[in-house]
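Data block below; observations after.
Naming follows writing order (A, B, C, D and E), and every chain is counted from residue 1.
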Amino acid sequence: MTGYNKKEEKAPAGVHHHESHGEEHLREQHLMLDPLPRGQMNEMVMESMHETSWKFWVVFAILSVIVAYGLFFSWGKMIAEGLGIAGVNRPSYWGIFLVNTVFWIGISHAGTFISAILRVFRAEFRRPFTRAAELMTTFGLVQAGFSIFMHMGRVWLFYWLLPYPNERMLWPNLHSPLSWDLIAITTYLLSSTMYLFLPLIPDLAMARDRSTGWRKTFYKVLALGFRGTEGEWAHLRNAMNIFAWAIIPVMFSVHTIVSWDFAAATRPGWNSSIFGPYFVIGALHSGMGAVIMVLAVVRGTMKNMKYFIRPEHFDAIGKLMLLISMGWAYFFFNDYMVQWYGGDKWTHQLLHFHEEGPMGWMWLSMLVFNIVIPWAVLWNRKWRSTPWIVFIVGLLINVGMWFERYIIIPVSLSINRMPFTWRLYHPGIEIPLGIGTLAFFILLYMAASRLIPLVPVWEVQEGQMAHELKKFGRETVVSVSELE
Amino acid sequence: MIKKLFDWLRQPLGLIAVGIAFLALFSLAAYGIHYTQQAPAQPVQFPHKTHVAFGIQCLYCHPGAARGPAAGIPAESKCWGCHNQIAKTQTSALLAPLKDSVLSGTPLQWVPVAQVPDFVQFNHRAHIAAGQNCENCHGDMSKVTVAENPQIFNMGFCLNCHKKVAGDDHVKLVKLTDCGTCHY
Amino acid sequence: MSDKFSRRDFLKLAGVGAATTAVLTGCGPASRYVKREPYLQMPEYNYNGLSTFYATTCRECAAGCGLVVRTMQGRALKTEGNANNPLNLGKTCARGQATLHGLYNPNRVRGPIKHSRGDRLYETAADPFNDDFNDSEANMNWDDATQAVADVLKKYQPGEIAFLLGMAPDHLFDLVADLASATGINAPVRFGALSMFESRATLSQAAENLFGESGLPFFDVGGAQAVFSFGANFLETWLSPVSYTRGYAGLRQALTKMRGTLVQFESRMSSTAGKADEWLPIRPGTEAMVALAIGRLVSEKRGGTIPRAFADVEPADAAAASGIALETLEHLAETFASSGAPLAIPGGAALGQSNGLAVAEAVLALNALADNFGKPGGVFFSALAPNQASYQRPASAREMQEFVQKMADGKIKALFVHGVNPAFELPASLDFKNALKNVEQVISFATFPDETAVEADYVFPDHHGLESWGYQRVTTGSAQPVLSGAQPVVSPYYDTRATADVLITAAQLAGGNFASALPFKDEVEFIKSKVSNLMGEADGYFSAPDADTFMAYFQQYGGWWKTSDGRSTPNSAEALNRDLSGAESEFTGAGEFFFIPFVSPTLAEAGANKPWLQELPDPTTTVMWNTWVEMNPATALELGIEDDDVIRITSDAGVLEAPVYRYPAIRPDTIAMPFGQGHTAYGRYAENRGVNPVDLIGQHFNEAGDLAFAGMKVKIEKTGRKQLLSRLESIMGVYGVGLGQE
Amino acid sequence: MIDLKVTEIKMGEEHVGKWGMVIDQDMCTGCQACVAACAMENNITFVGEKDSGYGRSMHWIRIERFWQGEYPEIKMTPNQPMMCQQCGSATCEPVCPAFATVHSQAEQLNLQVYNRCVGTRYCANNCPYQVRSFNWRDYKRPEPLANQFNPDVTVRRRGVMEKCTFCIQRIHKAEDKAKSEGREVVDGEFTTACAQACPATAITFGRVDDPESLVSQLARRHGHGVKHLEELGTLPNVTYFKGG
Amino acid sequence: MADNISLLAVFPDLTLAADAIDQLRSLGLSDDHMNVISGIPVTEAMLGRPNQWTNVPRIAGGGAALGFLAAVLLTFVTPYMYPQPIQVGTQATIPGPPTIVLLFELTMLGMLLSTFLGVFLDSYFPNYRPMEYVKEVSDGKIAIFFTCPKESKDKFTKAMTALGAEKVEVAEVDHL
């Protein structure tokens, strides 16, 4: 049924030279210039959701077991027995829990970056994977929520952090960065979920129109009765515009506030004004790495995705990653420089501990994974257009960024102003819990990939409408019309 | 199989069954809540109102309230001080547990009902000294037989009164609303 | 319809309902309703939430500090020092504070038990912190128990019956002594590991040799200006730590005088040495020589003839032998000579050597040179307690060896043990456990299921100290004669009975001499008989018109003491006119390391079963819950040993394995180990924890009969194992280990 | 109302709290009596060998000692009892999202309200003195050890932060007693468990705002006391004298 | 207008649909009587239709105001609700910078929530009532839905077919 299969046979179109700027070549390269009839595209997306191999279910089952044990059973055990079964101690009161929280919030930044910032700036390459990225935002934030609640000593009283009227007249302490955090993360989770949902409505309507059975009910309920009238489109467009603009400052504020959890503390190494932007760029760094990993996997495993996700997209994200890596290096150096130069003796001790202490290998790998490898690989268009290469780079960046948070939290907590209490941190049940959140993230994503059209068909179609080839003399170039 | 069950549940009889099951669960839960709010069984059906009617002051039997943190449950020697002179003690079935207890030397097992939540340090003395009457918190005992807890001693209850008592006196307000006054 | 709603469904539904109810109940007030049982005759003060305070005596060591215990509704909540008691003036040490963890210890002997020797007294479990393991239940009643004691008293010849008591001179000792003198049974022997490590016999022997009079010297640290301590760990466990610590505070800070100096000669830095202005890591065995050398240098500075005591010593030789530079010795002599109130104290490991007596004599001679006897900041004989005629010291190790020999030879057929745990405290080389096999009847009065109780035929548990009556003579530490009084602050928690009561009743049952020796109704009457004669004494803290009132005051104030100074001044006339030996001590064993066992300042000999004492960090190493071996880091580097490496220590008497703590303040040729752990019984918190260094100590004694516990050389070897020591300190922050290369 | 200013710290002007401590490190022998007394008074749990070695001991007061020099010229630094400094401007307080650690305006103490604590442990991270201990588990205190519990002090459960309170239960008891007798609390009428136990009287507790109290007199007599990490502006209420 | 009829004309292409709208207008239908249903966002300008009235920005603004008010309540009022404002550190009861953070976050939250809600309100979501719809729309066709007098049904059908409508049919309400 799909007319795209024959194109799959061709070698990935990555390289192109001046002489090959033919029309055919451009169409092959750019999704936006390679339109298919709408009906066919719908069919392809529906197929990608429906066709599930046994391998999928094997992975799904394994992950479910990991989630059940690693996340829910371990967490229940920890709630019942106390945080003693984790590795947290004095002075590392925060351990991998907070590392994971920051990590997942970081991952979640990619979705917003791609679907909001790129939308605002009309970067056309975003179109096929905005949804894939937004799903990461929402699911990543869910894991961040799990991680932060896990770390609480008495999680069953979490509602004391929420502002609700009570007879004691006691409200949350708004002086605390954790309160801001809670409100900011809630804001971000709600708004990114809404922002995921709004552009999804037309696609859900599409899915509703071409499915039967329980899926029909499912899509019918979610599509809310969307028909595509002028009014509905107008409201949707308006809302998406507002969202695209407003969610950007929210996204920046969230990770900045997360950074203030550390930067606002009177601790050597933490009390740094660069932490806000440093964390934001770090979040984008890991987020882009995660997006590219997800795209590589989606392209490789899901049916028809080779049509939607093409080397051009890896190329574009690769460029962004290179840029962000440079930005991260800049902020890292900035932070390091001022701490090294003007820090007090405790800060110096801490820097020394980072580099040469027992976790020195982690510090070094962080720099290699976050700076050296991206720079070495991503400058090359051919390499950065190759999915498996960027997958590995993305993976290493994520490991590197996780290391970065590990160094900022438990490693830095080991050193304080009271040398009598310095102590290393050895993770305990945090490891299954952390793996549990990772598995849960993948599990949610896998489930979503079977239920939610992963490609925003109408957005792709809209883009394809706007693109055309135009001849200037002998050269054929891509021209984009501004439709909105 | 499941479909059959659903089909059955959709017909009128099934709906009634569901309704009954729901009602049963609801009433069990309601009973549970009701049960938890009941005063527990006491060894003697002690009629507070009778004793109050005789003009016995609260502090006669619970003298700790004026002196220390706990009001205290009186020792049976105190009960016996009066009751061994009351003829009815020997005959009344209601008073038999007291008589048996004193004669056999086995203490009565009372269950205090007026309890503050955990984590709160409460001192009767300060409250009595501040001119609070017992009934402000414990209710009017002249209308009660077996003691029950008329108030839920939660923070709002305490705080309301503390605020009222402090009035415009800033120093007093600070002291009376300080977290460390009750929680340590 | 009804058949479809099966019974099982109904049960399920009911189950859900019950579960809901249970959850709701758990949240409601009913979950917190508890029953309260007022006493039939409860004093009013007992039910108003106010505390009641009782004065009593701390039984954690033999010092006899006064305690005031806060109780509420029949439970002991907190021990505080008795501010009236002149010995401790309201202060306590850590062990005094933790005595409540003995009272409410989860492993106590709960009633009289007859069992076969070697049987455990409580179940064991893999994880002492999370598994429950209960004590064995009592399997006899007290009537039978008393009868059993009476039977033993009757069955054997008086000469075959012996009592082994704790080192505290208390009412039980008086009672048994009375019994012994009236019936001819062996006089009670008092012993404790502390007396062994304190070398009390050596101290009194040296005093007798120098001053012609026996007694326990008292060193007025508080009044001194310069204190030279030769191994005396007086801030830890030595003699009377609370009172000596008060003395130390006086040394450092008094309104009327300058800050005094403390100089400590010790091969490892104890926590006392840690507070010293100068710590001199002296080579073990040369203390006598150094003391004499300082004496000689001081006399040289003063001019005139050099006293005979110091005539034979050559300071340069002393410097060479001890490893202390001659200039340092001279400067120390200068300090000593120029100080307004110099004081020299012998003690600790310095006395526990083959020449321990010579050390004590040499150090006392230094005091004689300073002529500080009877003066503030000088040396006294400790005040004798009010009803005490002469100083009675606990048995020395050699006397214990003789005692154990008698047991082994079958000369003792019935042994009563109270207040001491010889199976744990005596050096393994004395082989107490084997000797015990030749004793026909062993009756332990242990409160806790200790190693000796395990080896006994009967365990007739005494009350815990806070549940019992008594008095205790204060042997040293206070200028005033003090008799600390004890009374129960709570009623006994278990079915225990006061040993004095058991003995009195048993004596009545045994009849004859026994009955007439103890003509008392009970323990309290006995105590009254011993105490009420103080009523008329002069300078009493209180007096009373009659015995009952006097006893009431005695309980209220926690004892009786004089308001006047009861210390006596030693006769120092001939002290300097003797030849004193400065010879180095001899070491046994073939190893290359001096071995210094020392008493753990927090656990001492009987603290291991109190969880909070285990959790207290050692003052010098901050190690908790275990035994360690202190080793100089340079030595460790040389041998390739790191922290927490388990090493095997071999002496001529035994072998032990323990993890290393690289201790920067110990001589490179010395290793040291704390005593206090290594129990094989004694409750869940003590059992199987650490090792007992007395297992390494051979049968070596000094001239006074005290154990030469520090007179050994040992071999060490690596085992290749590691055992992580729990430290409070950060090994990174304090030692820079693991911070990365500097 | 709204305040955009940073707290002003006037140089040279001393902050005066209400309750304070003076610790003479020259007198402290490190004997741990204060630690034991504190544990007994405040129902502090013991945690066992493994946890205590892993930085989870619950001591509200710990005695720190370091080393100076190399053998044989090595010295132990003066023992330094470290407990909550009851800062006037505590860094732990603002960071708690639940108002579980707040400043007592009546007693000028740093309070830890156990029942409000949800266990984010931010306060402990932000305490420059590292004196807060967290209940990592429900540590078992088998029967009958619990008989010893001080009924005036809450027994904490897992997941709750705790720290030295300057024995606030004793403060309240003394104030209640004084009030019932119609007088003010007299200096020296009561003291904290640690100060009460200390055989060397290294710890003195009292009113720092009363110039005649023993703590104020000692502070004057010694002249130059040290307040730890004062440079952070925490306004600690414990003064240390190194002495010697 | 009981004698009116609703018709659905399905066009394969945007230009045809725009022409059809012009044609409808010329046949006397006002813009109010027509509606366009499409599977991709087709702007009003493309079809020459009047601008759609949308309340979303206004609702968003209102939500922002509400969020701001909630933030004001939380930051400026709740600290004074406890009888004596609780003191933490030496920070003011209403701390400056944190207040700004909260004002910002809650304003944004209010705005975004109400934007989302605005879409629901304006579009009458969720709406599971039977509606006029053809499934071809989601395949990229553009449907014009208009109401005309019953008697002129044929006229309109013819006009639409002439303009290239793939089908013109009486709009039937359908469970979507």
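Here, a residue touches a chain if its C-beta (ideal position, glycine included) is under 8 Å from a C-beta of that chain, and two chains touch if they have at least 3 such contacts.
Since we're looking at a predicted model, the values are computed, not measured.
Enquirer: Along the graph of touching chains, what's the shortest path length in steps from chain A to chain B?
Expert: 1
Enquirer: What's the overlap between the neighbours of chain B and those of chain E?
Expert: For chain B paired with chain E, the chains in contact with each are A, D, in label order.
Enquirer: Taking mean CA positions as centres, which chain lies farthest from chain C?
Expert: For chain C, the chain whose C-alpha mean is farthest off is E.
Enquirer: For the interfaces A-D and A-C, which has the higher count of C-beta pairs in contact?
Expert: A-D
Enquirer: Taking each chain's centre as the average of its Cα atoms, which is closest to the average over all protein Cα atoms shown?
Expert: D
Enquirer: What is the distance in Å between the mean C-alpha positions of chain D and chain E?
Expert: For chain D versus chain E, the centre distance works out to 62 Å.
Enquirer: Suppose each chain is reduced to the average of its Cα coordinates; what separation in Å results between chain C and chain E?
Expert: One centre to the other, that is 87 Å.
Enquirer: I'd like the Å distance between the centres of chain B and chain D, where a centre is the mean of that chain's Cα atoms.
Expert: The separation of the two C-alpha centroids amounts to 37 Å.
Enquirer: What is the distance in Å between the mean C-alpha positions of chain B and chain C?
Expert: Between these chains, centre-to-centre, one finds 50 Å.
Enquirer: Got the chain E residues that touch at least 2 other chains?
Expert: Each of 82-84, 86, 88-89, 91, 95, 99 in chain E touches at least two other chains.
Enquirer: Please set out, as single numbers or ranges, the residues of chain C touching at least two other chains.
Expert: 49, 728-730, 734
Enquirer: Counting only residues that touch at least two other chains, what does the list for chain D look like?
Expert: Within chain D, the residues that touch at least two other chains are 54-55, 62, 64, 66, 91, 94, 96, 99, 102, 105, 116.
Enquirer: By the touch definition up top, name every chain pair that qualifies.
Expert: A-B, A-C, A-D, A-E, B-C, B-D, B-E, C-D, D-E
Enquirer: Touching chain B in the complex: which residues of chain C?
Expert: Result: residues 1, 4-5, 13-14, 16-18, 20-25, 27-42, 44, 47-50 of chain C touch chain B.
Enquirer: Over in the complex, which chain D residues touch chain A? Could you list them?
Expert: 51, 54-56, 62, 64, 66, 82, 91, 94-99, 116-122, 124-126, 128-130, 132-138, 158-161, 229, 232
Enquirer: If you look only at chain E, which of its residues touch chain D in the complex?
Expert: Residues 76, 84, 86-97, 99.
Enquirer: Quick check: in the complex, which residue numbers of chain D touch chain C?
Expert: 24, 26-27, 29-33, 35-37, 39-41, 46-50, 52-55, 57, 59, 62-67, 70-72, 74-76, 79, 139-140, 142-151, 193, 196-202, 243-244
Enquirer: Which chain E residues qualify as touching chain B in the complex?
Expert: 82-84, 86
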